[in-house]
Amino acid sequence: MALLEVEDLRVAFGASTAVDGVSFSVPEGKVVGLVGESGCGKSVTSLAIMGLLPKGRGRKARQPVLAAASEPVGSGLKATAAAPQSIAASGGRSRGGADVNGRAVFDGTDLLSLAPAAMRRRRGKDLAMVFQDPLSSLNPVVPIGRQITEVLERHRGLKGDKASKEAANLLDRVGIPDPTRRLKEYPHQLSGGMRQRVLIAIAVACAPRLLIADEPTTALDVTIQAQILELLKDLVETEGTALLMITHDLGVVAGICDEVNVLYSGRVVESAPVRELFARPTHPYTIGLLGSIPRLDLPIHEPLTPIRGSIADVIRWHDGCAFAPRCDRVAAPCVEGEPALVGAVHAHRCVMAEEVA
Amino acid sequence: MALGLFTACGSDGDAGGDADTAEDFDFSCPERTDGEPAADTAANESQPFVFGTPGDPTSLDPILASDGETFRVNRQVFDTLLDADCTDTVPGLAESYEQNEEGTEWTFHLREGVTFHDGEVLDGAAVCKNFERWANFKGGYQSPNFTYYYSSVFGGFAENDPAMGIETESIYKGCTADGLDATISLSKYTSSFPGAFTLESLSIISPASIDAVADAAIPTADSPLPEYTQTVGTLAGTGPYKLENWDHSSQEVVLTRNDDYFGEPAKVKTVIFKTISDETARRQALEAGDIHGYDLAAPADAQALIEAGYQVPVRGVFNLLYLAYTQSHSPLDDHAVREALSYAIDRERIVNSVLPAGGMVATQFIPPSLEGYSEDVATYDYDAEKAKQMLADAGAEDLTITFCYPTDVTRPYMPAPKDIFDMISSDLQNAGVTVEAKPITWVDYIPTTRSGECPLYLLGWTGDFADPYNFLGTWFATESTEWGFNNPEVFDSIAAANTEPDEAKRVELWKAANEAVMEELPGLPISSSPPSIAFAPNVYPPDVSPLTREDFSQVYFTTAS
Amino acid sequence: MTTAKIEKLDRLIEATATARDAKTGSLWRQSIRRMRHSPMALTGAIIVGLFVLVAVVGPWVAPYDPTAQTWGREVFLNQNIFPGPRPENWFGLDHLGRDMFSRMIVGARQTLLVGVVATFIGFIAGAFIGGVAAAAGTFGGRWGERVEAVIMRAVDVALAIPMLLLALSVAALLGPSLRTVMIAVGVAQIPIFARLLRGSMLAQAHSDYVLAAIAIGVPKGRIVVSHILPNSLGPVIVQATLVLATAIIEAAALSYLGLGNPDPGSAEWGTMLADAQRFLSGAPQLAIYPAVGIIVTALGFTLLGEAMRESLDPRLRRQE
Amino acid sequence: MLRYTVKRLLQLSVALLGLSLLLFAWFKALPGGPENRLLPENATDRQREALRAALGLDEPVWTQYGEFLGRIVRLDFGSSLSSGRPIATELAERLPATVELSLAAMLIAVGLGIPLGYLAAKRRGTWIDFGTVSGSLLGTCIPIFFLAAMLKVVFAQELGWLPTTFRLTAGADFTEVTGLRVFDGIITGEFDIAWDAVKHLILPAIALSSIPLAVIVRITRASVLDVVGEDYVRTADAKGLKPSTVRGRHVMRNAMLPIATIIGLLLGSLFAGAVLTESVFAFGGIGSFVYQATTERDYPALMGFILVIAVFYVVINLLVDLSYGLLDPRVRVRK
């Protein structure tokens, strides 16, 4: 039994479904990737697991604080852009509430059925999350130190200068120079990279057994990206923390992930160990993704083969393979019914692809 | 509950007081009918009697004031040589007085054993010290905005300061003291005497007080009042109450009983005057028990208070509201047109529906309570048809006329100018006259009407003391732009009455003057109405006075619920 | 200029031009669409609609002449006798025996007049001053900036002068009347409109489409008039609606202070309320009719204004 | 920071000088000199001219303005026509009453406004949101003198729960320290006085708070809606912090920035409201002083009041700008 087992997770916002039955697992001490274009439901999945989606009309909103639904749309840069196009387009004045179904079993307990108070006690302690945009993910009017010690206080009962000492250690641990001075400073006094390190320090403050990173490096420039990834990898190895890495960048996947799940329109279309996936991509969508990256080992003039169409031209999984309208190898069976996920270690969801072990 | 209601009395009451005038018709103040309810002595000692006033007093030095609220406070703390009972002049600090033939020597015999609040004894010398102090005022003290009443009565000061613009000679010649007697000598008699000696401004303060403030100065006419007039404790009077405290920020004046008062000691230990400028707020404070009485109650409130069991004793009338016809604007110079307009206005309706209880339709330019009130003056009872007919005969059918009235003010004789204006203009419209309304703010109203700019305008006057000249003299002594007519017969009859020292002859002369004025019909006297004063049910009110000079030492809490 | 550069500029202008049309067009259409949903806008619109209807139709529908004291004999001000609602007079009589119902209907027109004229005065003068300041500031170079600073400092100080003083001095100069109230309320709004328009014009002036227009050499005057002004009117129109509400309320306050309209000829809700204040304990209905009229109408305008403000506010739209 | 303040102060003192010139010219142009105000109806024309001359109203305008300016600098606004006392003392004596009333009104407006605004934001789009916002807007639509009078008729007269007039029951003896009755009562231990003052404050404060309440509700709602959408609030949630901590330290502390600015500015608007409220309750503050001065056209008193208010308003604006730095670290460091 892996540390985290996600089974048939479904998330709908009013009439439109963002996650349409995702299943995957994250074993202890491993880095599992969730990759896909913007709008495929990967961020909503992570937020659903963390219980950060506002309750839909169906269930009484027990969470005291509104957490905006955030599925990146259009420009991938700002993860928390306006509510997903699908919601606004739905017309109905849904208050952005999400109906979450399915199970997310974490170390034996299904997080989705936990009462908010119980879930709140585990968030930040057993499982933690790092977000994409360091510029806006830290409270601008509260010193950095306080934003760390409040987690230590809440979950590890540390008070006063014991907490500050520990906070300084954490900052040092994530590679921030002169940590004691930094504690008193405010977020706007730090660079983007520094702030992301602070966010990671906050996330790992209580040595969580699962860390979810939602596009942690997208908002940073390349050199800083590598340092952050190095930091995350180091944490996984030394602390044995399981890491669920959410990204649209296959380079990041190659660099850090042990296993990969490729998402398309709210479902896993291919899942395999990372080396296996890059070597023998099976699902046409994965192939298309890999085809859109410039490769050093290919001749310079080799044209890239982008995937035609856009995420919007899609059909419902219920009627057939959602990727059919954009697939080069589309054929009749693709639209005759729901394609199943086949294969054990290297699974894929394409009726046309050959069998792979 | 109040034991009896005050009956509004308009008919001829019996001759009040000991005035020996041979008047067959003598209007006097309504008699009290509420007897002597039992006093709640415990409350009278512990609970202060709180009276709501429309405004703060301006000065504790009686000579330096000319507004009603300052007189009300000083009335309880200082006394005058003579006092006023209803509108008759009666003994005050002086038990009795005599005057010489020409009315230029006035000798006052002071009461025995009267002491000031600072222990000094009242005698002739103390009285003369006061008169000498006033006569020798310097600088800003002479300016009319501080000592208006002194310069109106005595004409001026020993040395008139040109900057203060007093040109007339002072008629005060001197004062000689002889033990408990004091004689005031004047250069000539005017009919203001002896009434003027009842004026609040001429209250007597102790010699020590005069010395204490001798060097206080008022440099110019608009510099503020000296500090001593704002703080309690410098001036000592002889009245039933002593000044305890004046808190400007909470607009509160506190008086306590003067134990060695020569007359009847005050019944309530502490009296507080508190300012509530808003009329409705005063009534609500009375009904909620925050205050136990207040003055200038709006007519509408007075009636509602009576129905709710509060006491609204009716004062005698001592003011006059009139509609002026400025004859410099044709066709008002035509007597027939003035008569027609007078018939067109329903004064009964104004008195019945707008003015406070106890109001009456006026027939001439002085209130009935004054000597010289004449019974056979020309009268103009409401007759809309006759008015229309007379206007037609005078060739003024489609008359258009401008009618001025003051906007932001209430006076005792004119509680709601706008309502009265609305009624009169509606009456005039019924008689075929088109009225052009001209509202003017009060500050500019007097100068504008006085300059003769307004063909028709509403105005009036409240008497200061019992003297017909105080009314007729100021309006019709000479030709003026205010009225725009020249009638020597009217001017001469008023001048004759004003200088006649003999009382019996003077009364006949004033009656003749009144008849001459009404013959001229320079304007239409509309009404005389007493401002209403209200008291809580569990209070025994003081004797109410047409000059609004109530003595609060008579007030006490009764045991009634 | 080489052809490549011109070509690039054309594409830039074409892109921004379409953006601008799209922006304004959609801005208004979008805000109207959103307002159709908001209950605040609907309630506001209904109230304002009813009020304007009564104000327009009033004088012809009123059963009696609002100034005639036809029932003068039945009213005793000093006895607190005011006949209440009855068959001939649905709202009863006022303190001088005039029909209250007719006064309320005809009064609506006067009250609307006060609101509209005051807003107009404030809008025109304020917009002019604000416009001049903004235009000078953006285009006038160093001198322009100094002119703008002087104007805006004067506006700041003008904001400090309470409307009370304006009404008082206008009343002293022209004598208390409805005209005085309109002018006073209007003049008091000038600094607010000036500040608002300057602010929103500056915001527009720094937006891309203006830079584009400058880049292609469009004359400054035309830019201000045809580009900046229309786009910055949004918040000003919101303020105009809110001022309509303030004007109606202030008219009552100024009448209470004796600066309002004393002539009996015209019935106006503010004056009626101020006159009836003294009968509040004895005959509250004299005050309650005009008070309810003022409150509901002012609320109507305010709700409409607030709904418009919210639908135009870019920050709040993000939450939709 | 200092350089900025000095520049602002210089700029504003020039503006105030301009205001004093404007005010002086304005009042000079108004017809009807003060002498008509000081003398009763029957004073003769001669007396009126004499008083005009004595008041120095016939001197050339510029000397009068020079004298006026000289006195203003010494805080001598001349004497009030209605009371004859120096205006500066009158204003100083009555200031505490209005300050106490304004603070009480602001306390109610903030105490009610912020929670209501937060509720409206949290329940955005529902009937509660619409009800709260429209309810607070209704507050501003009721003419304040009518609201004050109705509150008094209902709660003080009919129900008798609260006193109708004054700041304290007449005749209550109290020791005055700052002039704020409630505060004085507490620090001098006269708790009965303090309680009596509170009871007298409730109704006028509620009436006066109707103006700022609506503004605070609306600003809070917009500000909370803004902040709740921010990422750092979600980070706080992701940390599993207690709801109260998230609401307090993360949502409200950020939402308070625009609210604090508004509160500073609203204090200025309370003075105008005070004029209409204090007279109904005979509260004896600057409001009733101005009400009386207005109805009696006491121009010198009004001029003094306007200058004091202009300075007060300008100082508040400056303080609000400077305090913004305290609240928002981002502003503090850059300046």
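As written, the chain order gives the labels A, B, C and D, with residue 1 at the start of each chain.
Throughout what follows, contacts are C-beta pairs under 8 Å (C-beta built on N, C-alpha and C of every residue); 3 or more make two chains touch, one makes a residue touch a chain.
From a predicted model like this one, the values you see are computed outputs, not experimental measurements.
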{"item": "Chain nearest the overall C-alpha centroid of the shown protein atoms", "value": "D"}
{"item": "Between B-C and A-D, the pair with more C-beta contacts", "value": "A-D"}
{"item": "Longest centre-to-centre distance from chain D, chain (CA-based)", "value": "A"}
{"item": "Chain A and chain D: spacing of chain centres that average the CA atoms, whole Å", "value": "53"}
{"item": "Inter-chain centre distance, chain B versus chain C - centres from mean C-alpha coordinates, in Å", "value": "48"}
{"item": "CA centroid of chain A to CA centroid of chain B, Å", "value": "91"}
{"item": "Chain centre separation in whole Å, for chain D relative to chain C (CA means)", "value": "24"}
{"item": "Residue list for chain D, restricted to those that touch at least two other chains", "value": "31-32, 124, 149, 153, 157, 229, 291, 295, 297"}
{"item": "Contacts with 2+ other chains: residues of chain C", "value": "172, 258-259, 277, 280-281, 318"}
{"item": "Chain B, residues touching no fewer than two other chains", "value": "280, 284, 287, 408, 441"}
{"item": "Complex interface listing, chain B residues touching chain C", "value": "279-280, 283-284, 287, 298-304, 307, 349, 352-357, 407-408, 416, 418-419, 421-423, 425-426, 437-441"}
{"item": "Sites on chain C touched by chain B in the complex", "value": "68-69, 72-73, 75-80, 95-96, 171-172, 175-177, 258-259, 262-265, 275, 277-283"}
{"item": "Chain C - residues contacting chain D, complex", "value": "39-40, 43, 153-154, 156-157, 159-165, 168-169, 172-173, 245, 249, 252-253, 256-259, 270, 273, 277, 280-281, 284, 287, 291, 294-296, 298-299, 302-303, 306, 313, 315-316, 318-319"}
{"item": "Residues of chain D touching chain A in the complex", "value": "122, 124-125, 228-243, 245-247, 249-251, 253-254, 257, 327-330, 333"}
{"item": "Complex contact set, residues of chain D against chain C", "value": "11-12, 14-16, 18-19, 26-27, 29-32, 124, 127, 130, 133-134, 137-138, 140-146, 149-150, 153, 157, 218, 222, 225-226, 229, 268, 271-272, 275-276, 290-291, 294-295, 297, 302, 306, 309-310, 313-314, 317"}
